[in-house]
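We just call them A, B, C and D in the order they show up, numbering each chain from 1.
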Amino acid sequence: MNFASDNVSPFCPEVLEALAQESKSNAPAYGSDDLSQQLDAAFSDLFDKEVAVIPVATGTAANCISLSALVSPYGGVICHHEAHINEDESTGVAFFTGGAKLLPMDGPTAKLEATELDAFIAGQVDRGVHSVSPECVAITQATELGTVYALSEVTAIGEVCKNRGLRLFMDGARFANAVAHLGCHPADITWKAGVDALSFGATKNGAMAVDAIVLFDTSLKGRIEQARKRSGHLHSKHRYLATQLLAYVKNDVWLKNAGHANQAAQALSDLLTARGAELAHSADGNELFVKLDTDLAAKLRAAGLMFHAWPSLGKDVYRFVAAWNTDIGQITEMNTTLG
Amino acid sequence: MNFASDNVSPFCPEVLEALAQESKSNAPAYGSDDLSQQLDAAFSDLFDKEVAVIPVATGTAANCISLSALVSPYGGVICHHEAHINEDESTGVAFFTGGAKLLPMDGPTAKLEATELDAFIAGQVDRGVHSVSPECVAITQATELGTVYALSEVTAIGEVCKNRGLRLFMDGARFANAVAHLGCHPADITWKAGVDALSFGATKNGAMAVDAIVLFDTSLKGRIEQARKRSGHLHSKHRYLATQLLAYVKNDVWLKNAGHANQAAQALSDLLTARGAELAHSADGNELFVKLDTDLAAKLRAAGLMFHAWPSLGKDVYRFVAAWNTDIGQITEMNTTLG
Amino acid sequence: MNFASDNVSPFCPEVLEALAQESKSNAPAYGSDDLSQQLDAAFSDLFDKEVAVIPVATGTAANCISLSALVSPYGGVICHHEAHINEDESTGVAFFTGGAKLLPMDGPTAKLEATELDAFIAGQVDRGVHSVSPECVAITQATELGTVYALSEVTAIGEVCKNRGLRLFMDGARFANAVAHLGCHPADITWKAGVDALSFGATKNGAMAVDAIVLFDTSLKGRIEQARKRSGHLHSKHRYLATQLLAYVKNDVWLKNAGHANQAAQALSDLLTARGAELAHSADGNELFVKLDTDLAAKLRAAGLMFHAWPSLGKDVYRFVAAWNTDIGQITEMNTTLG
Amino acid sequence: MNFASDNVSPFCPEVLEALAQESKSNAPAYGSDDLSQQLDAAFSDLFDKEVAVIPVATGTAANCISLSALVSPYGGVICHHEAHINEDESTGVAFFTGGAKLLPMDGPTAKLEATELDAFIAGQVDRGVHSVSPECVAITQATELGTVYALSEVTAIGEVCKNRGLRLFMDGARFANAVAHLGCHPADITWKAGVDALSFGATKNGAMAVDAIVLFDTSLKGRIEQARKRSGHLHSKHRYLATQLLAYVKNDVWLKNAGHANQAAQALSDLLTARGAELAHSADGNELFVKLDTDLAAKLRAAGLMFHAWPSLGKDVYRFVAAWNTDIGQITEMNTTLG
């Protein structure tokens, strides 16, 4: 079984069905088609608020294009050291923003804490044009370490941002896993908590290649669309981005997929801990970070499990990622296989 | 019938089949999968030379990322005024290159002519750091006005570039239509003629969303891959770019599709000219630019044809674009319909 | 005599006196010193309006930093083909603005004409995010070809900008020569005519190294100051920029210097035309563009005159630039020297 | 007495003399004048190696332009957290490099240590295009905390860079103070130790506004000159940058000035420590960081001393900076004044 990443999963049947359906006829290009025109309404329903939706094909594009409208070329973006934008997106943020600087800080399990954040902001001595002033805070939900911010935690961060006059951005590459875990309304964890813009991830959770920039502040739309075009992220056959997204949110496919992945992670967690593995920290979504002794690690690999070592959390720590298509039955059967 | 653009066409059955096939199983992310690993070999076969292939989802990305490795931030890119990079990609070239300047020039039917090009380069007075020195020439094959450079024309341009020490880039958004028209080997019109890098278009001609950067100078690969990642154009489920491309070039689907589109354009040309329309210039590929009198234009719209006015070529000039899925029978039937 | 450029002139005694005076004592850095603090008031007096002044050491910096606050990274700046920002500042505009595109147009003697400008703007077909929308017009006063916009000409351009919703920027590298020629109040030719920001040149006309960004729209100040710092144009010993500027505007030194240069150009014009030279166009400021026959050109060079050929205006056309320190008596004496 | 910064000092008599001398006559612009042409030779003598010298008006420009030729837009620059490029130059590095990322690390008294540096580089897990690879190390000599790298320390860092394939840049805003302290040949601490490019500071130590980019790798010259022009840092009256620099290095004025400043700092150190103040760390150059009790601090201020609190080193720590013009006699007299 492949637990290397949720990126190894294919897209889901609902997406295939939608794509196949859209392969039969012509339609206007660059977002003028009917499906693309439905996006704003579909997501406004989903979030119980009028939003603007700009789909792109990758999470890096969604994150960096969003930030380009939230921060000036001489501003700073506070994020966790572990943040994808800090660790995994090359120099994307500086490229898209025209030079804005990441201001990474720490926090347990890849989460920013509101009190620490407030102190961090206070500690950024403003020396006018010489220093870089924070203009935006970026949090990841679920985090890069598989934890999920509680409602109260996001809300507290939103309060800090509001008081300090900073924008709040949410990287939701695994937003579905977070919502499935929390069981909350998507509105609660986003705009109601102060989030200005969200990367609503779909690729990892059943789409082929689409993440949506969801703007709760719709005044950002024009700049985002300009930034998308000039960076080559406006698809000519835009309907194929739209149809993936619509299929993904229709009938709560996104929550079904994420719920499944979370459950699979839980099943795997049970399997591993029963064999003496120890969770590095709580596994809220579809990612597990576990400490394995050498024997167990070897045994799992021998049984065909694929997963990565995660040395930044310790030398015996490994990451396992479940996906929408992980076979839970197969995990259960491993109880037998592993003996 | 929709002749507004080839972008209105869906993707073709071979691509659907390939995508569907790849929706059944897991595979490594970010290009480590088997299909992605086959790209270099497949295109090296196609071009009869060892090439490096970097797929992206849009033509603007393919063009601008390519140019970012061919020109310095203070250099110039010579292109035709009508070039897509000059007219249709916002400020993409400056964004990706860090500031390089487009140096547009004229030429009949959107083509650069070698002699004029040479004179244009000679006329760029080099005033050292004050002026912008041309470092690259970009041509579009087939052109934005539906014409196709003859082999001799590209070769002559290649010679100029070589003599002047400039790079040569080819925007091949409709490369397939050009090759289908010329009946030549793809090598003849590219690297053998001096082209350093090519945007090998697939999206307009049967793919869903993929164009390939084909590097004849493979030393550019590293920089291109860095530029792709930081601009958010590296897909996590990279195999879906690869599988589209492989299906597109397998069994010459690309040439079959393009040949069909060219033929459809020809059938439409026959239909229109028989009714008194006049071609603005030769229609070599899948695009027609025709002068229609008001009555005929109205009649065609009444019959359900969709097409754009093209005022830059004159007030009665219109553009019609055929695609891989244009129903040629339906065009023929219009002879009856139109009376 | 050196007529190669006004850049070959040294700085004037008033500037030396001011610098020497400021070399005697300590003062706060980065613009907190008394002299720097006087700039806004001095220029508000000069322009009869509350303005913000940000001094930098070069004209390219003044122009490009100004434009960075007047245009978005995906916008366009309309200028004349001959404009210094288009011809002589490398890729500076794209660099500072993050990618904005110059949209050059023609016009007699390097001037934009309001009617043509309006038509040019109207002709920029707005294709949304695909095309580049003009956001700013940049004119040079006096122009690169030594002519000066009349009040009515600038006012008409200002009207066009206002009606079209565009910003108006003035490159005033030789602003003093223009004002000296027009004999108008500086306000008339700038903010009263619709100019948002001005590069107020001093370097060519008697300063050592300082041009001032003068903001008639003071709301731009914050962004300009940020752009200045991050581009390395904020001087630590800022008072030396300030003191040059203050000495330059005090007692109308700027107008005295420019008036002298204009008069010298006129004397040279008289000398040359008396000998059969023909002005390419009116010489309004301190620059002459004249047609010389081969004999006269040779004779002048033999007599020690330095000047540049200006082939873009014709093969026998030459440029002569007078400066604040040009010896008019020596020009008169040449009547004898040349025989 | 003003110990707020060395930026509060004026320029020195030798610089005034040179500027005044150059105010008397015309000379070619943009670096074609005789003085500018002498720079390479003068600095090649100084460094006992053929170097290329590109003068600019500010330290930020010297640093950022240098780095733009040493690192790619997707690369990283390792520096100390306290580095001027990290703390005091806004987003300059990202702006000039097109997006390169600063990778700050710690070390005592603002110094990088070779062993720690090597471990830091080793710890930068190379995840290909996803992560940012260090391409350059930037050190400051003397450091931002007033310490000076020993020859052996720079040499060890140079070794690490060489072994790891990284460039080495030195921010020498206070290079003179470092050389004066070490008593070494400038070559020993730069190119002989592996430094590729140096910002040779002059502004803080007696010039008006000039720092020199000194390239020990002269192959970088072309790119540096292009970067200088497009960023508006090429002065038209370039000779005034040149003449400052030539006056600054002639007759060892730079070392005389720096030696004086270092000595003044020492005198002040003696004065303060005799009164119970404690140095935060060794004061190698012209900067002191001292712990003062509240009474002493108040007493010094009452006596007219100006200096800044330096809270990052502790709540009772203050910075005092001496300059080339600090009156040492006046410091001695304070022994009496303070009682």
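Convention: contacts are C-beta pairs under 8 Å (C-beta built on N, C-alpha and C of every residue); 3 or more make two chains touch, one makes a residue touch a chain.
Please read all numbers here as calculations on a predicted model, not as lab measurements.
The greatest centre-to-centre distance from chain A, using averaged C-alpha positions, is reached by C.
Note on interfaces A-D and B-D: more C-beta pairs are in contact across A-D. Rounded to whole angstrom units, the spacing between the C-alpha centres of chain A and chain D is 43.
In this assembly, the C-alpha centroid of chain B lies 51 Å from the C-alpha centroid of chain D. Looking at chain A, one finds that residues 30, 73-74, 89-91, 95, 98-99, 129-130, 226, 229-230, 234 touch two or more other chains.
Residues 30, 72-74, 98-99, 129-130, 223, 225-230, 234 of chain C are the ones that touch chain A when the two sit in their complex.
Here chain B touches chain C in the complex through residues 73-75, 87-91, 94-95, 98-102, 127, 129-132, going by the rule given at the top. Put simply, chain A touches chain B in their complex at residues 2, 4-5, 7-13, 15-16, 19-20, 22-30, 56-65, 89-92, 95-96, 203-204, 208-209, 226, 229-237, 240-241, 325.
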